[in-house]
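Scrolling down, you'll hit the structures one after another.
The following pair of complexes shares a single chain, chain A, combined with chain B in the former and chain C in the latter.
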Partner chain A sequence: MADSVGKVVIPGDILSEFRASEKTSKVALGPGLRQEGEEVLVTKGGILRHKEPNLYWIDCHQRRYIPAKGEDVIGIVTVKSGDVYRVDIGATQPATLSYLAFEGATKRNRPNVKVGDLVFAKLLVANKDMEPELVCIDSGGHSSGYGVIPADGGFMVHTSLNLVRKILSPNCDILKFLGKNVPFETAVGMNGRIWVKAKTPKDTIVVANAIASSEHMTNAQIRTMIRQLLDKLSGF
Partner chain B sequence: MKEVPMSTCEREFILKAIRDRKRIDGRQTYDYRRLKVSFGMERGCCIVDLGDTKVLAQVSGKIEEPKKNRPTEGSIIINLELSPMASPAFEPGRPTESGIEMNRILERNIRDSRAVDTESLCIVAGEKVWSIRADVHVLNDEGNIMDAASIAAITALSHFRRPDVSVMGEEVTVHSPEDRDPVPLSVHHMPVCVTFAFFDQGEFLLVDPNRSEERVMDGRMVVGMNMHREICTLMMSGGMLLVKEQVLRCSQIATVKVAEIIELIQRALDKDAQARQAGEKCGFAESVPTNKITTNRKEATAIDTTAAAQQASQVIQEAGPVDKPMSNMLVQAPGTVQIGEGLVNTWDVDDEDMESEEKEGREKSVTNGREAVATSKPTERKRPVKAGEGTVSHAEGSDSEEEETVMLFQGDDETKSTEEPDSTALMQPSNSDKPAKKKGKKKKAAQK
Partner chain C sequence: MQRYYSVGSNMAATDETSALLRSFECEQNLLSRPDGSANVRQGDTSVLAAVYGPGEVKMSEEIIDKATLKVIFKPKIGLPGCAEKLQERLLRNTCESVVLAVLHPRSGVNIVLQVIQDSGSLLSCCINAACMALVDSAVPMKCLVSAVTCAVMEEGRIVLDPDSKQEKESSAVLTFAFDSRENNVVTCSTKGCYTPEKYQECLSACGAASRNISSFFRQAVERRMSKEL
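Let's look at the complex of A and B:
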């Protein structure tokens, strides 16, 4: 169904007539699509997307995170047990994070992680039959941005997965436009959690609310909304 | 299922913001979230939206035997349902401790304060009484279920109509709604809960805490109050001590909030009653557009007009000054202008008739004008056109909607109607606001 690309499909729809690509005859099915025998079924309600040469998937509004290998997520440390931390990443199962998976950590030199802390980490193992596993280092053993997020003055918003994907896409200029006017730090987890920190709590609240409310807006609308927010901030 | 844990980062930030007199959703300390009361198709069904918190209440009634010790009183049962649909933290099955607590507050607030008269629910003393049951379902929990539930319960009770009953000797007949109009319950007063959240051992307080504020608060206080400033319930929970002044302050805030809420409820009830009487569509299903699957109801959004304003100013600059007016305009009377000579009268009415009637007085000419509209342009009949509307609108002449009515007065009689300065002066104030309203509507449409 090459025609329904960009249109709404609902669970149970059967898709056919995929666009043939020059390079390969195979079609790659992304989230929301499943092959049942000869047919391709839709398993999520949303908009059918296509990317050259042969990738199909469904964009939908969802809040439950399904771990995928290599994605960056923000987790909340819930339990310290033995040599691992249990971290809530919004998936069905808690993820594990070894205390050795931090920069410069050794058996003797444990990282300072407390229950309730936020960690920005990468998914090392994401398998539907196994517990997800997180790491806070890259393959070279450096932190490269991962690690415990300090709890001084930042705030985290819980949003839908769709919004996170939108924010991270190069077409969306909310972070660029917002950052030009209100300087802030941010960490965006693919599990629908966005941590922001600006100079003052007031600015942080403004940034967090601007991001959270931008889900169904176009770039032009986002600019208007941010302009209005800034007017209010400066006391117009 | 367990709820998503709260990180120290969020907790600290919310507390810090509260100490700075700020809230994360941008409200002020004593602000409620947006409150919306809507009703179902059936009587006694009410949905309350408090921000993202959503509560549904449904009232039903049946005939039962009364309690032995109170043979002349009907009963009122209030049941609060916390289903897992509202929040993953709620387990199905047995109600939790907090669920029982909230249910008890609702009962104390509405039943024990005698808000609904139970003696009028008696049919035959000692044998048959009405038992009224209010089921309050929490559909979404985004904090402060208590206030939303109390508003939903009392509104549903005042919205409910029970079937009329008549007693003939031993026989009791329940009349159907077609037979006799159902009767409302006698609601003496409307008690409503106002929740206060306390932080830092009662040093800071907030009205209407949302979900994240509820999770970091030290304790809360629920004040149930009615319009007459009578406290019906007062409940404090959480391990903290409050000074006397703080409690008094809360009750004073509650009086203001309760007055606002009850006014809103009353307005919603009146609006629904009017809609039902006029036979219009009512019920919350009507308020949601159903023809599209991808869209939900959206608030009007602002449009960026900076680019358009720039363009407009550019156009004005480029255009330069206007050399001469579009046509020769003749000022007939203050506020009216004649454009062109006018055409021959094409209406069925004779000119002489018109003239003679014109002399008779203003009212006559107005009615004549209306008739003429009806006869000459049958398509326009739907729109109630007043003769006066035409006279004024041709003076401004820019509104496209008014064009057709302008046509009507470009005939010979145009000059006559404008020759009466009194009548036009009288017309103007009543008509001047009409085009403005239309423009307003257009703007709304454009925003949508």
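Let's look at the complex of A and C:
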């Protein structure tokens, strides 16, 4: 097992010799791994990853989003029905978002959400047998960054789920390096949607393009690419 | 006839002289809209497969405890008829046996297969393309499935992965699909007359060849992921 970590596995591979945590002597299997009787099987083609002490999962290039509890997503409001909004988050079913799940919202004081708006929200319920449910507040009732994304000049790009995980990982410095040169706002949803807004539409396009094209690049390549884009932007 | 089994760039002939496959190529993730796509070429036969899912499904097709699999087979010319519907059904049953549909209840997985060129062994090429597209889309699967077609010639010789000329001259054409874990038969489709002994002979020849295809699939996935290693 220790030798398969970091290597490519395909569906049907049988894995063994997991390292369990010392305290609980349990192994945590993440996405792409499945226990069948005594065996642990791979269900997705990708790279086997391991995190100390006992977490294993498969890193794969997926485009379809499978909701997971607690993840931040960007959704598009499609329908207003009764006391909930239906929000498309790119999963199999549209998610529901209660109008009470906004900061300061009461029965009388409804939030101003229109069909077509983008919302940055957190998944409260994500279960294969149930409709996903979103909230735009934290447990203390504060917005803490969630809510309707104002529709004044931002742009949303669709990317693969792998790219989202990559730019959110602490090892990847694309957002930091871009931000040093072009100030911008961003919201990154785990469902493969990234919203960016810079001072001018031109800057917004540059930032969106830089992020969208960085999927298969290393940090050094990303820096070179961004430098080239900035040179173009300043007219060289 | 000299035939080679191609693994990307390096060509390697299989051990038996009559049991050789045409050059085998696979390209993944070549379409931007679907969740997964693959183009598999076996010699001149080429099939493009696209997978959408797990996504929404029509109310009438919804299954309460598992995902609904749907295969759409698009012939090179003309509209799909009865033969194509049969093909779709065969492909759907093959895919259903390897896809873990229970993990996505009340959802739908659509597989679209577009024939680009038919030069024999079309069914096996379709199964292989569908399998690679499913792997690319990361739909959970029990294992992979690899298919091999063989033709029994008039004089009794068995030709693996026949082209359309050989298929026409043969007395029977047999297609087998095997799972990648235990190499068990998943699907069997035959056309023409053959003896039980010939059937067994074909089965073992195809079984041996399917192992090569399974290992090729592994290399194809490794190549696709090589940037991230």
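Throughout what follows, the second predicted complex is superposed on the first by the 231 of 236 C-alpha atoms of A that agree within 3 Å, B and C clash if a C-alpha of one lies under 4 Å from a C-alpha of the other, contacts with A are read in each partner's own complex, and residues count from 1 in each chain.
The rule we apply is simple: a contact is a pair of C-beta atoms (placed from the backbone, for glycine too) under 8 Å apart; a residue touches a chain by one contact, two chains touch by 3 or more.
Just so you know, these numbers come straight off a predicted model, no measurement behind them.
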item	value
Contacts of A:8 with chain B and chain C, given as first, second, both or neither	both
Touched partner set for A:34, first chain B, second chain C, both or neither	second
Partner chain in contact with A:153 - chain B first, chain C second, else both or neither	first
Chain B versus chain C as contact partner of A:220, first or second or both or neither	first
Which of chain B and chain C A:205 touches, first, second, both or neither	first
Touched partner set for A:116, first chain B, second chain C, both or neither	first
Partner chain in contact with A:76 - chain B first, chain C second, else both or neither	first
Doubly contacted residues of chain A, that is, touched by chain B and again by chain C	8, 10, 216
Chain A to chain B touching residues, read off their complex	8, 10, 76, 78, 88, 90, 114, 116-118, 149, 151-156, 158, 195, 201-202, 204-205, 208-209, 216, 220-221, 223-225, 227-228
For the chain B and chain A complex, residues of the former touching the latter	4-13, 16-17, 20, 22, 24-26, 293-294, 298, 301-304
Residues of chain C that touch chain A when the two form their complex	29, 35-36, 53-56, 98, 100, 103-108, 135-138, 140-144, 179-181, 217-218, 221-222, 224-225, 227-229
Parts of chain A lying in touch with chain C, wherever the complex brings them together	6-8, 10-12, 32, 34, 41, 43-47, 59-64, 66, 92-93, 128-129, 162, 216
